[in-house]
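Just passing along the structure, written as structure tokens.
Letters A, B and C name the chains as they come in the text, with residue numbers starting at 1 for each one.
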Amino acid sequence: MNGETAEPLLRVVDLYKNFGATEVLKGVDLEVKPGETITIIGPSGSGKTTLLRCINYLERPTSGHVFIEDRLVGEAWDGKSYRHIGDRELAKERTEMGMVFQRFNLWPHLTALGNVTLGPIRVLKKPAAEARAEGQALLEKVGLGHKAHEYPERLSGGQQQRVAIARALAMQPKLLLFDEPTSALDPELIGEVLNVMRALALEGRTMLVVTHEMRFAQDVADRVIFMDHGVIVEEGPPAQLFANPTHNRTREFLRQVVER
Amino acid sequence: MSEMLAVYQKHLGEWLPQLIDAAGNTLRMTALAFVLAFVVGLLLALAKLSPIAPLRLFASGYIEVMRGIPSLAILFLIYFGLADFGLVFDAFPAAVIGFGLNGAAYMAEIFRAGILSIHSGQTEAALTVGMTPLAAMRWVVLPQALRVVLPPLANFGIALLKDTSVASIISAPELMLRARDLASSSFRPMEVFLLAAAIYLVMSLPVSFLTRRLEARFSRGQAHV
Amino acid sequence: MLFWERFVDNLPYFLEVLIPAAGMTVRIAAGAFVLAIVVGLVLALLQTIRIGLVTLVVRSYIELIRGTPVLAQLFILYFGLTEVGIRFTPIQAAILGLGLNGGAYLAEVFRAGIESIHAGQMEAALTVGMTPLTAMRYVILPQALRVVVPPTTNYSIALLKDTAIVSAVAAPEIMFKARNLVMETYLSAQIYLLVAIMYLVMSLILAFISRRLERRLGESGTTGQAGAA
């Protein structure tokens, strides 16, 4: 963890999100410092996925703002009011945040290497040879160098998710968002993905991880956030939050999770 | 635009009754050809699924050949070609027979797909209660298949309705022929053909609208299976 | 037996006239096919941007075209537009009429293909910084391609047969030349039988090519079957 004085890399300010009449996020404030690994836990439907999707503007927040290094994401301030920015600017801002989905969302018409290099080639306009060399190195890093030329359908779930992580890393993002990256995996495959994520955390990557893996949350996170009903109920260092939650709802949730 | 309106103001009273009258013929031609295609198509589908090899071969051959030939060529064969052999038809029945026999090939494929979509367990269950294969087809499979084929049948009907316009080329009395007559006598082809197109639209839109609702209902029903 | 004798005697002459006409049929069908693909793709893509007015215009075009006979559309282009001083040659009218008509059909095919690709595919592309258009080009369309090829090749066969109706605006293709031959020789049965056989042969060849293409695309080893099995 960096010193207390470091500027936050990500700042979420008073974020609200409604789907029609359903209020899903009801005023979320959050700061993430460079190098921090934060895990978000909470019951199903509490708005964890929606929060991540608002941060990279896959969903447009109903109100509130997202800042990366004090620059607005998804909006621009024209002196009087905020306006939503266009696809092109938004795409550029999204290169600063990688995302790993619960269901991988690998592109089935491309090989593992093709998945990893498509962004660098088409978005960053890197020469193909350079992108391929870097992509190969990233696949080695997640332990899949030998699978570079396989199509996703021939990979196990754990392997697919590691390719997805390499795909996100290839854009050299400042922040990595993970939405329950191991929830769709068979139990015996969870470990290989968590190991990759643990290594990334140790490298000092800035990560925001929604997860139901309590051990991972305890061992790896610098801070744990507990969400319920669209708000952050409490947050703190894992040792404190898991051993001594201050709120009843947190205690109740942790008790249920442990019983399972 | 305003000129067009003026044309309609002047001629609509004269054109519209004639076109609507002719549209009645279009509907009759469509309905008769549909019935012919339905009956022949169902027989072809059953033949293609039958255990008797020559029947299967005939049905496959019929379907392949008919699907490879434009309906206009078939109309010409029936209307002009058969006259050589002393078989003289009026244009209207020639069109009904042509569209019916041509459409039967498409209809057969629709029925076949519908029948095949019914799980073989259904037939087996019917056989175990002592039905013959034919009885099982009649009382168990076909009633279920009908539900499946309803949307494609309706789509076929709409396509047929529009295709009957081609019969104007052999001068069968229907909407498009009347439109062509009016267009050449009034020197107002744009206005006349637009009006005719609008009448086709009015006839086809309700059916296609209902079909789409039906399709949406069915695909929802399937999601629960 | 007189029928067959006359048929065999006249066959060389018939073929001499009808084979070049078949070439014209193929050219008209090919031109209309290309136009239909371009129009269909543009209309399908315009619907994905979800701007109310654009969608309304596109949907209206599709419904109007699909609700009316292609023959009526052809007559409006060829006869109707002369009223405003626009004159097409029969071949131009044929390609334009069949192509604009086919565009409405293919738009629906392409839209269904695009919609069949899971939303997560687009989202994953957005998260690596692609614009929706880039994502469409490199992620969605390549996947939609394999879904739309079978209905598109089916359409091409239907189109080949539909070219017969452009004889009604005197485009010099098979059907038109055949009608002229009949007027010349009165051998209607022979000639129309030959015409039917020629269409059948062309359809079968096209169907054969289509199946090869579908198989090739199916094999080119990417998504689906193998993994699902």
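Rule of thumb we're sticking to: a contact is a pair of C-beta atoms (placed from the backbone, for glycine too) under 8 Å apart; a residue touches a chain by one contact, two chains touch by 3 or more.
What you are looking at is a predicted structure, and each value in this text was computed from that prediction instead of being measured.
Chain closest to the overall centre, judged by the mean of its C-alpha atoms against the mean of all protein C-alpha atoms: C.
By number of C-beta pairs in contact, the leading pair of chains is B-C.
Per-chain CA centroids place subunit A at a distance of 55 Å from subunit B. Measuring from the averaged C-alpha position of subunit A to that of subunit C gives a distance of 46 Å. The geometric centre of subunit B is 20 Å away from that of subunit C, both derived from CA atoms.
Interface residues of subunit B, counted against subunit C in their complex, comprise 64-65, 67-74, 76-77, 80-85, 162-163, 165-166, 168-169, 176, 179-180, 183, 188-191, 193-194, 196-198, 200-201, 204-205, 208. Those residues of subunit A lying in contact with subunit C across their complex are 56, 58, 87-88, 91-92, 94-95, 97-99, 101, 103, 105-110, 118-119, 122-124, 151-154, 164, 167-168, 170-171.
Remark: subunit C residues 3, 63-64, 66-73, 75-76, 79-84, 157, 161-165, 167-168, 175, 178-179, 182, 187-189, 192-193, 195-196, 199-204, 207 touch subunit B in the complex. Subunit C makes touch with subunit A in their complex at residues 118, 120-121, 123-134, 138-139, 142-143, 221-224, 226-228.
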